[in-house]
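In the two complexes that follow, chain A is the common piece, with chain B as its partner first and chain C second.
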Partner chain A sequence: MKQADSSVDINMSAPAYYERDVMVNLEHGLHLVPCSKIAELAKRYSCNAIIIKDGRSIDAKTIFDLMTLGAVKGTRLTLHCQGEKADELIEKLVALFESDFQA
Partner chain B sequence: MKLTDFVVKDAIITDMSVNAKDEAIRTMIKSLQGSGKISSENSESVITAILKREELGSTGIGNGVAVPHTKHPTVDGLVSTIALAKGGVDFASLDGELVYILFLLVSPPDRPGEHLRALETISRHLRNQDFCNFLKQSSTPEEVWELLLEADQKDG
Partner chain C sequence: MIIKRGIAVSPGVVSGPALIIGTEDFRIPYKMVRADVVEGEVEKVKVSLAKVATEIAESERVASERIGKQYGAIFGAHLMMAQDPKLANEIEELIRHRRFSAEFASSQVLRKYAKQFQDLGDAYFAERATDIFDLEKRILRHLLGERREDLAHLTSPVIVLSRNLTPSETAGLNRKYVKGFATEIGGHTSHTAILAGALSLPAVVGLGSFLSEVSGGQMVILDGNRGEIIIDPDDETLDRYKDSAEEMRSVRKRFELLRGLEASTKDGLRIQLQGNIEFPEETEMCMEHGADGIGLYRTEFLYLGSSTIPSEEDHYEAYRKVIAAMNGKPITIRTLDIGADKIPGYFSHLYNGEANAALGLRSIRLSLQELTLFKIQLRAILRAAVGADVGVMFPLVSTLLEFRQARATLLDVMEDLEEQGIEFNRHVRIGMMVEVPAAAIMAREFAAEVDFFSVGTNDLIQYTLAADRSDPAVAKWFNSGDPAIMRLLKNVGEAAVEHDISASICGQICSDPKFIPVLIGLKFKTFSVSPQAIPEIKEVIRSLDSQRIEEITRKVFTFDSARSIETYLQGELIKLCPEVTR
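After this line comes the complex of A and B, so read on.
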């Protein structure tokens, strides 16, 4: 499995923290179907999952929040996951984006 | 983007009493047809497109809210209406709850950015619990419209 390339362990006692950048390649942007897929996946994990766009961060487990990103094709987003199995979740989220949500 | 830019005031329904999802969508499209925003010859095709979109996954996104939508070549610009169903509609929502507020959106296929911005605007307001509560309490299209104007104004 590919290791998170920019993962940073904040300190030894805090749960592992992972960060990755992704690009929205969908023709119609991050519309409701991909937002649902992100939220469904993230909700299966107990760790935190946050998506950041232009400095604004939203909860990846909430479809309402995801929809407010208004991320059109070409938007760059940053994913943050921290907590139990955060490494696994971030890899799966990155895979969703890289497969244009066909994964 | 402002709600009042694309919601059709004359098509707002504040007392929708239906049992099923397809009935709700049909009622809302007929209301848009009544306001002249969708022609009678195209309305069945729009209804079919929205129902087909629902097959990909319910647009009942939780919190008692649904945002049925589609892109359709027969509209020139964004067309939207709101329906309030006081008794709730079974929309096969993601959280399993009934839906009380429906925001239906039809947009031209060649403007995906606008479609996304409209959905973003709708979602942003609907995640505000006060907005949802006031919306549910509205009993006339005028009251709903006032609320939309107020929300747009606060949005700056």
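After this line comes the complex of A and C, so read on.
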């Protein structure tokens, strides 16, 4: 398991903390439209949502950061969600990736 | 009625309603604001972002309804960007902490992201920078309170009026509806002007500030022969222009008679009169005017026309088209000459906006750095050249080492093709553009190694006289007739004779009839001009003989200023060919 960037505050002792690995299967990678779907979904929740790629972590609620991940097809990403309804959000995010953003 | 005078860069007279393209060119200047207006600037950004969001939401709705949900989703993503609090926060921070103006701060933040996308190294992501620029335009449109009418959605004939047009915007003009264009800035030999000539699109540039005096839809006459635009012309003027259109037609008829005649002087010195082209379609005009070949085939359109890197097949097809159309006549293909005012998006990471592009990483320098790309082009040229007389010309060569490196790359590519058993022409001529003063000075050393010279006078003049060709403030230094230029040309011509290689000129100077006698006198025997200039230049060549040429050339070298040289040459031209007057 990859560690989150130290600049992102993840309180391991908090109860509602979830982590999942996903794979980018999209032909053109995590481009503008899928990024907007992630941000749109994440923004509906008050919990934190972080995506980690190669040790760099970004806020899943901002489309600009998501785009700068440059996650091409075949990239492995780690999702972190913590806070209220974090379990629900992480399931939905994983579903988004697994359905190749058709969901 | 208002008459404005500028620089005539592409002939022809057209009239029609004006289409004004917004004066903001989206290169927002650095601007700081006073502390007491900071709050106001922050508020302006918030209001603009909100308006942009409403606008995009509307685009999303329309696109989804009319063309499908997947297209609407693109605007959905734009909407997410406009509403991303990170964007607003970063802009606000630049305004508060660095006192940037609202528009400069917005532009800075968005361009930072655009650059990050481009730097990701993946073509598909790099292209998303365009989405950022789109958002930038929308925001700036609100902040600056101006509107950029869209060139892409024309449905009726117009005359385009603009502060400036980039070469790619010019190339992208819809020729069905755009009858001509006029710009406030730009000079004689800017690439936009050259492109206009290539497209046979009447154009006037360097008009100075005039956009505030005309409104969209107003009747405009654009006179590309005299370099004038007439806004809201009166009846008398309209009639006068009808008459001069008749006159133009009779001159054309006379030129048509020249088509089948050779470009030789009275005493039989044969000059090769070739055409400069950019697009394969232009070969038609060259053949129509009886060109002896293509002396300069510019290949930038392959790179500027699309946002992705052209494939070997894209190159090959374009070259084959030209080779087939020219029916055995010689063709000189110039390798990538990008830089300065023309940089496609996928190269932008190599440039930082502040540096002096004319003295930067352009042309052959770029090709030798991006060898993979360079080899794609060379492979296509070698393959396309099978059974044809083709020259490969490297632009902007400044040192012998650079030429050798470029030639070695070409030989490498030949070896690869050989190994792969792919058919190619191993006897292509290998030459160079002489356009850097260093190369003109070292002409003898170069002449021992190259198959041919082609002098690009536009850049040679710009570099020799240190005058930016597109800057009206220094345009008076940019003179083809400068004695320093005459001396450099003399050196190049003599070096070519000593080493028995061909020396041609492909710059604008040889499309100007008054220079023809002295250029022949300096030992240049091939001229490559814009296709539409061929008949006129041919007429001048046919009026000359060796004695006149020698006299004129000797006399030119007695003058010490561009003005006296050009005045003298103009006077001689009137004596030689009274019909050809400029």
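Please note the rule applied: the second predicted complex is superposed on the first by the 89 of 103 C-alpha atoms of A that agree within 3 Å, B and C clash if a C-alpha of one lies under 4 Å from a C-alpha of the other, contacts with A are read in each partner's own complex, and residues count from 1 in each chain.
Everything below uses one rule, namely that contacts are C-beta pairs under 8 Å (C-beta built on N, C-alpha and C of every residue); 3 or more make two chains touch, one makes a residue touch a chain.
Source: prediction; values computed, not measured.
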Superposed partners chain B and chain C on chain A - clash or fit: clash
First (chain B), second (chain C), both or neither touched by A:64: both
Chain B versus chain C as contact partner of A:72, first or second or both or neither: both
First (chain B), second (chain C), both or neither touched by A:25: neither
Among 38-46, 74-82, 182-190 or 326-334 on chain C, the segment whose C-alpha atoms clash with chain B after superposition: 74-82
Where chain A meets both chain C and chain B, residue numbers: 28-29, 31-33, 36, 62-65, 67-68, 70, 72
List of chain B residues in touch with chain A within their complex: 56-57, 59, 61-63, 67, 69, 94, 112-113, 115-117, 119-120, 122-124, 126-127
Chain A residues touching chain C - in the complex, by the definition given at the top: 28-29, 31-33, 35-36, 39-40, 59, 62-65, 67-68, 70, 72
Contacting residues of chain A [partner chain B, same complex]: 27-33, 36, 62-65, 67-73
Contact footprint of chain A on chain C as seen in their complex: 73-74, 76-77, 79-81, 84-87, 113, 116-117, 120-122, 124-125, 128, 131
